[in-house]
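Chain IDs A, B, C, D, E and F follow the sequence of writing; residue 1 opens each chain.
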Amino acid sequence: MSLRHVKPAGEAIFKDRYTTKAKELLTPWQKGLNYDFSVAGVPLSKPSISHSGASQAPGAIRSALQSYTTYSAESGVELTDPIIDFGDIYMDPTDIKGNQHRIYEGLSDVYATNAANHWMILGGDHSISYSSIKAHAKNRTVGVIQFDAHHDLRNTKDGGPTNGTPFRRLLDDSIINGENLVQIGIRDFTNAKAYQEYADANGVTVYTMNDVHQNGIKAILEEELERLAGKVDEIYMSVDIDVLDQAFAPGCPAIGPGGMDSKTLLEGVLFASENKKVNTMDIVEIDPTIDFRNMTSRVAAYVMLSFMKGKQI
Amino acid sequence: MSLRHVKPAGEAIFKDRYTTKAKELLTPWQKGLNYDFSVAGVPLSKPSISHSGASQAPGAIRSALQSYTTYSAESGVELTDPIIDFGDIYMDPTDIKGNQHRIYEGLSDVYATNAANHWMILGGDHSISYSSIKAHAKNRTVGVIQFDAHHDLRNTKDGGPTNGTPFRRLLDDSIINGENLVQIGIRDFTNAKAYQEYADANGVTVYTMNDVHQNGIKAILEEELERLAGKVDEIYMSVDIDVLDQAFAPGCPAIGPGGMDSKTLLEGVLFASENKKVNTMDIVEIDPTIDFRNMTSRVAAYVMLSFMKGKQI
Amino acid sequence: MSLRHVKPAGEAIFKDRYTTKAKELLTPWQKGLNYDFSVAGVPLSKPSISHSGASQAPGAIRSALQSYTTYSAESGVELTDPIIDFGDIYMDPTDIKGNQHRIYEGLSDVYATNAANHWMILGGDHSISYSSIKAHAKNRTVGVIQFDAHHDLRNTKDGGPTNGTPFRRLLDDSIINGENLVQIGIRDFTNAKAYQEYADANGVTVYTMNDVHQNGIKAILEEELERLAGKVDEIYMSVDIDVLDQAFAPGCPAIGPGGMDSKTLLEGVLFASENKKVNTMDIVEIDPTIDFRNMTSRVAAYVMLSFMKGKQI
Amino acid sequence: MSLRHVKPAGEAIFKDRYTTKAKELLTPWQKGLNYDFSVAGVPLSKPSISHSGASQAPGAIRSALQSYTTYSAESGVELTDPIIDFGDIYMDPTDIKGNQHRIYEGLSDVYATNAANHWMILGGDHSISYSSIKAHAKNRTVGVIQFDAHHDLRNTKDGGPTNGTPFRRLLDDSIINGENLVQIGIRDFTNAKAYQEYADANGVTVYTMNDVHQNGIKAILEEELERLAGKVDEIYMSVDIDVLDQAFAPGCPAIGPGGMDSKTLLEGVLFASENKKVNTMDIVEIDPTIDFRNMTSRVAAYVMLSFMKGKQI
Amino acid sequence: MSLRHVKPAGEAIFKDRYTTKAKELLTPWQKGLNYDFSVAGVPLSKPSISHSGASQAPGAIRSALQSYTTYSAESGVELTDPIIDFGDIYMDPTDIKGNQHRIYEGLSDVYATNAANHWMILGGDHSISYSSIKAHAKNRTVGVIQFDAHHDLRNTKDGGPTNGTPFRRLLDDSIINGENLVQIGIRDFTNAKAYQEYADANGVTVYTMNDVHQNGIKAILEEELERLAGKVDEIYMSVDIDVLDQAFAPGCPAIGPGGMDSKTLLEGVLFASENKKVNTMDIVEIDPTIDFRNMTSRVAAYVMLSFMKGKQI
Amino acid sequence: MSLRHVKPAGEAIFKDRYTTKAKELLTPWQKGLNYDFSVAGVPLSKPSISHSGASQAPGAIRSALQSYTTYSAESGVELTDPIIDFGDIYMDPTDIKGNQHRIYEGLSDVYATNAANHWMILGGDHSISYSSIKAHAKNRTVGVIQFDAHHDLRNTKDGGPTNGTPFRRLLDDSIINGENLVQIGIRDFTNAKAYQEYADANGVTVYTMNDVHQNGIKAILEEELERLAGKVDEIYMSVDIDVLDQAFAPGCPAIGPGGMDSKTLLEGVLFASENKKVNTMDIVEIDPTIDFRNMTSRVAAYVMLSFMKGKQI
C-alpha cells in the first residue's frame, strides 16, 4: 500500500534526478562497511575559554553538505562512494575531562575499525584535537599541519585542558614532537609572546599570515609536507576555521580581521590532501549559534569536499 | 562490535532515563500501524498572498516537540502511545494548483488508512485547509471551528486559491455548509466589509476578539460545539496561529496587536478536543524563517499536546 | 499605449477588489482639501537622551497601515474618507533646537489649514509634543491625556529640551496648566522622586500602572475626560508607546516589564476618542531600527485606526 | 589640573541631577561595609543540559539596573542605601564540579561576612542554587520558594549535577527537607511523570500554572510562607525566570508558551519579600546571548528592585 | 498657500544642493519618453527550488540607488539623464507559469517601446531570464554572457520551469544557441556532472572560478565578447549575484565560499558594458529578506551604475 | 579578610598568566602620567546626515581590545607600556554645535597635557575630526592623511557641520591647507562631482580605489608622507572605517561594495605610523548598533594596535 505523494518527514524536498547532493553520500556506519572516506562528530565545546556553541557544528556541517553536489567542475572528479558516518561521540553535560577521555576512547575505536582510508573529524572546539591526535598516534608517529590564528600552546595550570591548549598537551605528553608540528596562519596581536617562545623552544614551525601572503600557501605546504613526510608515518591536518578572516568565517568564537581568505584555505587543503600521508583531518571552532546563515559551516563542508577531491585527483 | 561512546548522528544528545520527549513518540507510518494519534505535514506556502516560509513549519513543529515531555502535570495524563508520522506531502516547485490537488489526494489516502483515531495536519499556509477538509469531508458532513484573525473568504478571481480563500472555496464548492462554519478571533481592521457580508449571507457564525474577551473561549466553544455536533458527522478544527496577538506568535506572516493570548488558545483547543466529534485539526500560518527562537512553532507543538491531552482526560 | 501587466513601481502588489487597505486612504495634502482626518510626521529623535531612531517612525507607521483594512469588524464602522497626509516636517541634521522651533511653525501652519477635524501627529521622540501642543494651544486652552511610563517632567538644565522634558517645558512656559495634565501608566522605578514631587506640586494628575490595573482604563479616562472637558477647549492625547510592556512594544527606546498590554491601550484610545474634545493625538517613541518585525509601528497604526473608529461610532 | 569636558571612560553619559539610577547604588564590597542589601554573581552555565550562555547574566543584569531609577512610584519607597556588590565567583573553564564547590565556598564566605541583611544571588544556570542554598543552610534550617516551570528534581546518574538537578541534590543530601520546598509555576508537558512522583514522595509542595491562575499568586504565597515560616529559620527564594511565558522572557534557554506573565511574578516577589524570613533570593536561567534587547535581564533587574522594595514598605 | 517646513511624506530627508542621488534619476515611464537607460522590475521568485524572497529585490535595489550619487570619481562620468522606470510586472499569487508568460508579454511590450537604448531588468529569481531573453530575442539573434555559480541547465521534468532551468529552456526552445551562451563563475561542487555534460554537448562555453582566477575577468570577456559580437545581433548579460562569494553577497538564496569578489564582478560588468552589443542586462537571485543590511542589493545597484558608466566612457 | 574565589564584578574572567590583553594596557589618565600612547573617546554622532550610533564606538572599540594580546607575532614587538586613557568628552543631548566646540576645548586640553607622544582619538562620526584637528593644529601646521570613501567636503549651508563637512570646514577656516590634505580610497558613485571639483580647486590630493589597486597603498603613502613631511609639522591620520568594503566593515553607516580590504588598510596604517610626523590618528564612522558581532570595532582595535606597532618597530 502506498499513499499518493506522501514522503517520509524530511524527504519531501525537491529532487533533481541528475543531481546528487553531497549529504546523500553519508551512510551510517555499521560493521563491515569499508569505503574511502568517513566522518565522525565530536560535539564538545564546554572546554572553551570563551562562550562557545561549537558543540552544534557537527550537525550544522552535515546539514551544509546538502548545499553541495558531488561533482567538482574544476577537476571533473565525481564523488560517488558513500561516506561512512560514525555519528557523534556522546558527551556528558558536567564531566568535561571525562568527555575528553571518552573522545580519545571513541575515536580510538573509530580509527581501529579501519573502515575507511581517510577520516574527517568534526569538532567541537580545538580541545578535541588532543584526544583525536592521541588516538590517531597510538601505533605510529604523527606530524601535524595546523591551520590556526593561534598557537594553542597555553599552559594548562590556568584553566586546564581548554581549547587553548591541545598542542601544548600533545607536546608535553610526547604524543607529537615539536619538530613535527607546523602552524600556519598565526596572527598579529592574537597570541602571547611566551607561547611564541615555547613554540621556538620546542622546535615548532610557525608561519604567520605575512608568511602566507609572501610565500603563498602552496609553497609553504610543499616544503613542510615534504619535510614531515620524511619523518612521520602520518600527517594529521587540523583546520581551525578561525584561521580565516572574519569576513569569510563570521561564525567562529574568536573572529578578527587580518586573516586568510577562504580561497587560500581551500587551495591549501586541496594541495595537502594530495599528499599520501595526509589521511586524517579535523575541522574545529565553528559556532553555528552565532554564525550568519551558516556561512562558516558552509566553508567547513567545502573544506571536506576539497579534502576528498584531493584524494581522487 | 560496538564503538565506545559513539552514537548515531543526531542522537548523541543528553538523555534522562526517566524523561520521554514528545518528539520520541513520532513513529514513521507503515502499513498495519494503528494508534490513537497521527500527524502529517503539508509544506506548501507559495499560494500565500504575501511572502511566506510556512512551508518550513512541519519540520519546525516536529523539532519543537523535542522541547516537551509526554507528561501533563495539570491533568496527570501521560502520553505513551506512538504518534504515527505520515511524513509530508511532496510539493512541486512550480505547480501550485497541482500541489493543492496532490494535498487532496495525499490526505485522502492518509485519512483512508484509518491508521489513527485523531489526525493532526501541519501546514503550510491556510490554503492547505481547503484540500485537507475536502479530503476529510468525502463521505461525511463536516463542521469547522476556525481560529483565525481573518475570515479567509476572499473572492478567487483576484489571485486564485490563495491562503485568503480556503473557506470561501469550501463554501462555494459546497464541501461545507456556511451554517457549519464557526470563525473565532476575527479582528478589527483586518478584514474587508464585503467578506463580513459574505459570511453573514452564508450563515457563517463569527466571533470577534471582543466576543472572545466578553464571553470567554469556553462558553463560545461549548455553545458552538453542541450546535455543530447535532448537525455534522465530524468537527474539523482549523487553527490559524495568527489568531494570537503578535506578542505570543511573532512568527506568523500576518502579525498584529489585539489578538488572543496563548493561554486562551490552548484552553480552547483543550476544551474542543474533549468533544468526541473533534478528531482532526490543522495548524497553519507559521513561518519559521521570520520567527524569534521558534516561539511560534513551540506554540504549535503545545497546541498538538493540548489536543492529545483532551482526548485522554 | 499600455504595456501588458506592467504596473508602476511599488504598485505591482496583489489587490483584492473588495478590500481597501488603510494606507490607501492617505492622500497628499493640497490646498482646498477638507476631510475628517489628517496625519503629519515629525521625524525628530536627536533630542533623545539615549540613542534613538524614532525619526524613522513616521515612515514605518504609514507603511504599517498597509497591513490593515478600513473595516472595523467589532463596530461595523467602515473608514471611507481620505486621510489628508501633510507629509513630514523637514529636519536640519545639526540644529536640534531650530528643528523644535520649525516643528512649532510647521504644525502651526498645519493646524491653521483647518483642513481636517482630527489630527494625528507621528513622532519622533516625545520632545516633539512640546512643539505640537504649543502650536495646538495657540488660541485655546488645552488639556492633555498622556499615556506614558514616564513623567517627562525633567529639569532642562541637564541636557536641554530632551525627550524627558516636554511636559515640564509646557508647564514652565504656561502653555498648559498642571491641573489639565493627566499622566496614565507611570511605572515603578522608572522616574525620579523629584519629578513625582514636581508633578504633585503643579497639580498634575498621575495614574500609575497599579492604578490602571485596579481602576480600569475606562473608569480613569471617564473621570478625567469629564473633568478636563469642563475646563479646557481641547483635549490633546499624547501616546508614548513605551507605556506598553516590552512584550507588546519591543521597539521603544525605553523598554521594560510591568507595563500596559496593547488591548488596554487600544481600549483607552478608543474610549477617549469618543469624547468630542479629543481631536488631536500624537504617537511617539517608536524606534523602527530596533523593533522586531515592526511590531511597535503596527501597534501605532492600530492606535490610529482606533482613534478614527472612535470618531465614527 | 582638570581637562575641560573630559570624563572617565564609561561615565560621559547624560546625568540628570535629580535622578539616581539603580545601578549607581552598587558599591564594591570591602571589609567593614554593612548595608541592607547585597548582590553576588555566579557566572556558571556549563552544567546546563542544553547550550546556555547564562554565565553572562550577572553582567547583563547589573547593566540593566542602569535602566531603572531608585524610586518606586507605586509605594513612595526611595532606595537610598548602597547595595554591596561582592562581584562574581571565579570559574575555571574546564572544572565544572570544582566550580560548583567553589560557589559553595565563595558564597559561604559571602554570607559569613554578615555585611548585608538581604542577599541577591545572580546566576548562572539553576545548578548554582544547590551551592548557594547549601552555603545558606549551614547553620540553620532553610525552606525554599522556587518559581520555575520545572521541578529540577532529575536523577544525577544521567549527566551529573546539571541545571535539572539542584533541588534533587538538596533533598538527597538532606540540605533541605521536601516538606520545606514549594514549587510554583510547574508547567504542562515540561516535566517527567517520574519527577512529579518523586516530588510527591518527598513531600514537596507543587503549584502548577493552573493553580496560579485559579488561586492567585498572593494566596498561594500567603499560605506557603506562613506554613514555612513556622518551620524554618530562613526562606530562600529561587527565581528561575523560565517560569515566565516566552512572550515575557524570551531569553531563557527553555522557553515556551503557557507560562506566567511578568506582572504576576513581580507581584509574587514583592509579596514574598515582605515576609521577614525571606532574605535571600537567586535569579537564574537568563541567557543574554539569545535574548531580545536584554528584555529578560530587564525583568531580572525589576525582580531585584521589587525584592528590595518589599523590604522597605 | 505653503506650509512652513512641511515636505511630502518620504521627501523630508536631508538634501545637499550639489549632490544628486542615483535614485533621483528614476522617472516613471510614460509614452513618448526616450532616454538612454531604463529599468523594469520582475518580482517573481515562487519558481525557486528553495525558499526565496527575491520577489522583493526590485524594490530593494531601487532603494539602494539612494545610497549612490550620479558621479563616477574613477572616470569623471556624470550620469545626468533620467532613467526610465517602467515599474514592475504584475504577479498573480498562485499562477506561476502564467506569471512567466506575463513576464514575456510585459517585457515584450517594454522592449517594443524603444524608449531606451539600454535596459536593466531587476529580478526576481533566475527563472525570469527565460522570459526576458525570449522577449528580447524576438526579432534578432541573441548571445548571452551569464555570471553565475550554476549552469541553470537542469531538466524541467523535475519541478518544471524553476530558477535552475532558464538556460536549458532557452536552448531547448531554440531561443538561443548553445554556442552563443557563455557561463562565467561556475563553481566546484555546485552543479551536477550531467549538466556540465549537457553544456558541453550543446556547445556552451563554461568558465569556472579557477578560470577566472587564472585568466582574469577582462581577458575572458574580451575573447568571448569579440567572438559573440561576430555571431549575434545583441549580447544579453545575465548577472546572477550568487556568482559572488558569500562574504560579498550574503543575501543570495544559494550562498557559499569560493566565489568571485565584488571588485571582479564590477570590473567585468564595466568592461562588458563598453561593448556596443551589450545593451540589456538582468540582475537576479537577491533575497532582501535574508540579507545583512541590504548589502547584496547595494552590490546590485553598483552593478547598474557600472553598466551605465560603461556606456558613457 | 578575603573571600574565597570572589573577584570584583567584571574581573572574574579567565586569566592566562602569560597573556596580556591589549585592553589591560588602558590606564585612566591622571596628572603626571607620561607614556608613549594615549586614547580619548569622542562619543558624538548626532551631526550625522543619516541615523548613526557611532557615539557608542569609543566603548565598543575599547572592549574589542580585550580580544587582542599585546604581542605582534609578525614583528616581535611586545607592547608593554600603559596606554593613557583620557576617557570620553561629555556630550550634551541637544546642543550639537556646542558639543563640537566642547570637543575642541576638551581635546585641546588633552593634547596640551603632553602626557603622551602619540594620540588615538576614537569617534564618533567624522564631524569630530574638525574639532580634533583644529585642536591639534593650534601651534603648528598640520597635514592630513584621510582614509575615506568620501571627500567630506560638502557645503555647510545644507545641514550645518555634519559628518560630511569636516575637511571642508578645515579648509574654509584655514586650519589646514588643501595641499596638505591627502584623501585615499575615494569611491565611484559615492561623491558629488561638485566636491571633486572643490578638492581640485583647493589642491587636495585624491586617490581613488582604482589608484589604490593600481599603485598599492604603500607606494601612495610613501610618496605623500614624504611630500607632506617636507611641508608640515605634524601629519594627522584620519581613518574613516567606511573606506573598507562592506564585507570587511559591515558596521559603518555608509556601507557598500568596491572598497578596500582590511589587509590593505592595516598595512597602510602600519606604514604611515612608521613616519615620525604621524603621531595622531582618529578612527571614525563605526556604528556598533548595526554591526555584526562587533566586527567593525574589532578592525578599529586592530588599527590602533598597528599604529602602536609602527611606532615600535
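Going forward, a contact is a pair of C-beta atoms (placed from the backbone, for glycine too) under 8 Å apart; a residue touches a chain by one contact, two chains touch by 3 or more.
The model shown is predicted, which means the values in this text are computed figures rather than measured ones.
Within the contact network of the assembly, the step distance from chain B to chain F comes to 2.
Contacts with chain C and chain F are shared by D, E. Each chain's centre was taken as the mean of its CA atoms, and the one lying most distant from chain B is F. Listed options C-F, A-B or C-D contain a single repeat of the E-F interface, assigned here to C-D, on the basis that more than half of the contact pairs agree by residue number.
Two copies of one chain, chain A and chain B, form a contact in which over half of the residue numbers belong to both partners. For the pair chain A and chain C, the CA-based superposition corresponds to a rotation of 180 degrees in steps of 5. Relative to chain C, the most remote chain by averaged C-alpha coordinates is A. Centre-to-centre, using mean CA coordinates, chain A is 38 Å away from chain F. Between chain A and chain D the centroid-to-centroid distance comes to 40 Å (mean Cα coordinates, whole Å). Shared interface positions of chain C, defined as residues touching 2 or more other chains, are 14, 49, 93, 159, 162, 247, 290, 292.
If each chain is drawn as a node and touching chains are joined, the picture fits none of the line, ring, star or complete shapes. Pairs of chains that satisfy the touch definition comprise A-B, A-D, A-E, A-F, B-C, B-D, B-E, C-D, C-E, C-F, D-F, E-F. Of all the residues in chain D, the ones that touch chain A in their complex are 46-49, 51, 53, 55-56, 92-97, 159-162, 289-290. On the chain E side of its complex with chain F, the touching residues are 14-20, 22, 67-75, 78, 247-248, 261-263, 266, 292-293, 295, 298-299, 302, 305-306, 309. Contact residues of chain A toward chain F in the complex are 49-50, 154-155, 157-159, 164, 186-196, 206, 208-210, 213, 245-247, 250, 254-258, 290, 292. For chain F in complex with chain D, the residues that touch the partner chain are 1, 3-12, 14, 26, 28-29, 31, 40-41, 43, 58-59, 62, 85-91, 93, 102-103, 105-106, 108-110, 113.
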